Amino acid sequence: MKKLINDPSRVVDESVEGFGLAHADLVAVHTDPIFVSRAGGAKPGKVGLVSGGGSGHEPLHAGFVGLGMLDAAVPGAVFTSPTPDAIAPATTAADGGAGVLHIVKNYTGDVLNFETAAELADAEGIEVKAVVVNDDVAVEDSLYTAGRRGVAGTVPVEKIAGAAAERGDDLATVAAVAEKVIKNVRTMGVALTACTVPHAGKPSFDLTESEIEIGIGIHGEPGRHRIPMAPADEITEMLTTPVLDDLGLGSGEQVLLLVNGMGGTPASELYIVYRAARKLIEARGAAVSRSLVGNYVTSLEMQGCSVTVLRLDDELTALWDAPVHTPALRW
Amino acid sequence: MALDVAWALAWVRRTAEVVAEHKVELSELDREIGDGDHGENMNRGFVAVVGKLDALEAPPAQVADVLKLVATTLMSTVGGAAGPLYGTAYLRAAKVTGLESLDASAAVAMLEAALEGIVARGKATTGEKTMVDAWTPATTAAQEVAGNGSSPADVLAAAAAAAEDGAEATIPLVATKGRASYLGERSAGHKDPGATSTAYILRAAADTAAGV
Amino acid sequence: MKKLINDPSRVVDESVEGFGLAHADLVAVHTDPIFVSRAGGAKPGKVGLVSGGGSGHEPLHAGFVGLGMLDAAVPGAVFTSPTPDAIAPATTAADGGAGVLHIVKNYTGDVLNFETAAELADAEGIEVKAVVVNDDVAVEDSLYTAGRRGVAGTVPVEKIAGAAAERGDDLATVAAVAEKVIKNVRTMGVALTACTVPHAGKPSFDLTESEIEIGIGIHGEPGRHRIPMAPADEITEMLTTPVLDDLGLGSGEQVLLLVNGMGGTPASELYIVYRAARKLIEARGAAVSRSLVGNYVTSLEMQGCSVTVLRLDDELTALWDAPVHTPALRW
Amino acid sequence: MALDVAWALAWVRRTAEVVAEHKVELSELDREIGDGDHGENMNRGFVAVVGKLDALEAPPAQVADVLKLVATTLMSTVGGAAGPLYGTAYLRAAKVTGLESLDASAAVAMLEAALEGIVARGKATTGEKTMVDAWTPATTAAQEVAGNGSSPADVLAAAAAAAEDGAEATIPLVATKGRASYLGERSAGHKDPGATSTAYILRAAADTAAGV
């Protein structure tokens, strides 16, 4: 394992410290417990948005703290959900008196820790609602799983709910907007290589030079099946078709297409995937009206990507287009 | 030894040792069907617990105080699924331990409360390849042994043995709760890390009770 | 070699096509010969800025085409300078009647091909000036080398010269501003792994699990020396000290600190390096007043990073802060 | 055969074959002290040259036409340092080749012009570990042989042999021009890729002239 780190147990602390120094105009970093909030503090009367989860997915979530998106983010240990004692003060910091929305990715650990934190915040008199992002179509959403995982679809949820909060929607409305995004967003991912968690010191799974994992999550967990390496267009087809089928995307619809890098894949390859995914969407008679290509929800240095499609309507498009000013997303 | 506050402290410290010893094994199990952090998570938690115990000015007066300290520390340091689950387990257990030392039926009640806490939070039943598959047989075995008029130490010994068997028995199961459920059929053939750590925790309880 | 590509010989074409589709609001992609220009065409009366070089460094250069930065970019084959027959039409497309500045990274191939293209443009009546970026302190700038390489310092050169052009400076002034940045910017890089050029199919050099290359360029070429793996703070020191020494950075000065990822390094690690580099700068009594952390000048999927320091004055700071709206840099 | 337009075409096509054959070797040499693309660059260029030749409606009339076509095609398809350098070499060579076929002194003039073009563009002298270290001895050897009244084919044979020796002789050199110069002392011990491709190009010239 070769990493630009000093000490596996200090990775999150030092990295978040550096992040805070580099973006001091936008964010404030709190330590012990560690969380990140907007530089200016909570905006009175605005619904606060808090998200968080294991570290190792940067820029998610701290990179999305700022105007038009999150009010606070809580990074856990690498790939480990944060604890309630960190989520609770982040919730307090995000509260501008209009209540706080927790945006939680669907993992047992995240759900349980955010639940406990919400109870703590409630005891402090802060109204908290939670939405659970579960966009990963690689996982069957059935009685026989913990439900679908939350992966790259989290970015449009945070962006669009953030815009709703910024324009002054109340807590119930912001939560409803978030739910609407969740209902209309699907993702599937592929890994060409595993990643190495610093304290583990070895790859999260073993792949040969000629194998890839289809249906990978974002925690270095193995995917649903392993196949021989294939050309980018074929791989993109394997990711995009289940996404479009599950969405039931039809002719005449408009979508946001997000091709998300897992951390170790060059931008040039992401654009090759984008090109292929876009053709598949257009072949269904739908149109890609908004696009995002880059590393947004990563798995450390994993090579691979995910394809996310969000069905847009006028409201979601306008909220997507609304100004955002965060370290990792800005327009 | 009697299941008093001295035992509770010994149990917790022994647990910390055992978890540290098996940290790599637990993470390795989790790497196969989860995300590879269970050993690290549990160890981070129990290192913190020991740190807090060492820093106490006055020793805790009762078993319940020890278990509550474990609960809140695990809750705020472990993270992941295991943090809130074990946190709740210790918190519920703390509530049913009496004032002085535990008799056999109090030991059973402690295990029952822990199991109920885990189920209340995690909503898993047996056969879903989780720590519930260690806690459930452990609690059942404890109830049976206590019914026979055994000592509190015997109750814990029976629970530990049953938890170990329960953990082993998770190997063929297909996970339907937690992170391993994402793997579907591919989760079969691997031992559940949370059930394994449960077995270590209960073995530490039994061993310290037996004076081992 | 596992890459999200279809055919090694089509990587640049397909990737640039995808890039053009994803950013159609900002750029226009031309094929045969391939180059990228601003969507709206050249702005009359504005000095045009053209850069280019081998592909594999994305987002450099095409990602920096847009308001306040480049007018056109010319991607060559992977790690191979583009040819004059592509640079010349890009120059024509960038010309708004006020002449064109070529921003060239100092490699023999780039210099020669841009030189020839400038002759072709001159024959068409377009006034062309060229500046050569040579910020890599890993290479001795002496009679015995082809001079220093141009690496991540290219980003502030393009940004700041672009702002000068946008505010209406004439060609000589824009060139002088670019030269001022070049004179005040230095970089040094490290590689933890090599990268694999698609058509080569194997890593550009071999590194063991415990070695790193210090003084690496951005073309998968080996660095100046190989050392055992070390903690991030030590590696950062090895990169930053030569940069600061060469700049002669003194107490009371202000700098831009750019920590650039080589493509395969997680953002969290870049922030750990940023934190360490910043401390070294502050230890000299200088202040980091502007920061940029991320993948800007990459080497495909290489793991590693570079540290770039630009000495700022009021003029350079204002030009850095001026609006920019490109696919990869926006504020 | 006489160094006429038929020879020029044969030379160019043979060069394309040889470059394709040695593509991996040339890139491998470049991987050691450069960026590993020299074989790919040269092959891309000569594949394009052959494509253009095949697409011509009427065959070129003169040696100069062939060399000009090679020059412009390499210039617009090779990229890197080698593209402009070889492009200029062929362009300058084209300018000095006469109307019909080359005699020995015309062959020498062609080589001299190519070398001058490369030096004019790249500003390298001998001993800097570049293609100049192949072109210079090649030109010198050609001049010597031509002075002895040899045939044009003998001139090219001498040039090819000297270029091969010159390429070999780059091995111990420390590069001070081109990408390999960034490596400093570490560039010693490796053969220069551009000098190597020069030797292949001149060997193709000699072989086709000798009718091999």
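In this document, chain identifiers A, B, C and D correspond to the written order of the chains, with residue numbering beginning at 1 in each.
Following the convention adopted for this analysis, a contact is a pair of C-beta atoms (placed from the backbone, for glycine too) under 8 Å apart; a residue touches a chain by one contact, two chains touch by 3 or more.
Not measured: the values here are computed from a predicted model.
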item: Remotest chain, chain B as reference, centres from CA atoms; value: D
item: Where chain A and chain D are represented by their mean Cα positions, the distance between them in whole Å; value: 55
item: Mean-CA-position distance for chain D and chain C (Å); value: 32
item: Centre distance in Å when chain B and chain D are each reduced to the mean of their C-alpha atoms; value: 76
item: For chain A, residues that touch 2 or more chains besides their own; value: none
item: Junction residues of chain D, two or more chains touched; value: none
item: Pairs of chains found to touch, sorted by chain label; value: A-B, A-C, C-D
item: Chain A residues within the chain B interface of the complex; value: 33, 54, 76-86, 107-109, 112-113, 115-116, 138-140, 143-146, 149, 197, 199-200, 204-205, 217, 219-222, 224
item: Touch list for chain D against partner chain C, complex; value: 27, 31, 34-37, 40-41, 44, 75-85, 121-122, 174, 176-179, 181-184, 186
item: Footprint of chain A on chain C - complex, ascending; value: 1-7, 11-12, 14-19, 21-23, 55-56, 58-59, 63, 192-193, 209-210, 212, 229, 231-233, 235, 263-275, 278, 288, 291, 293, 295, 298, 300-301, 303-305, 330-331
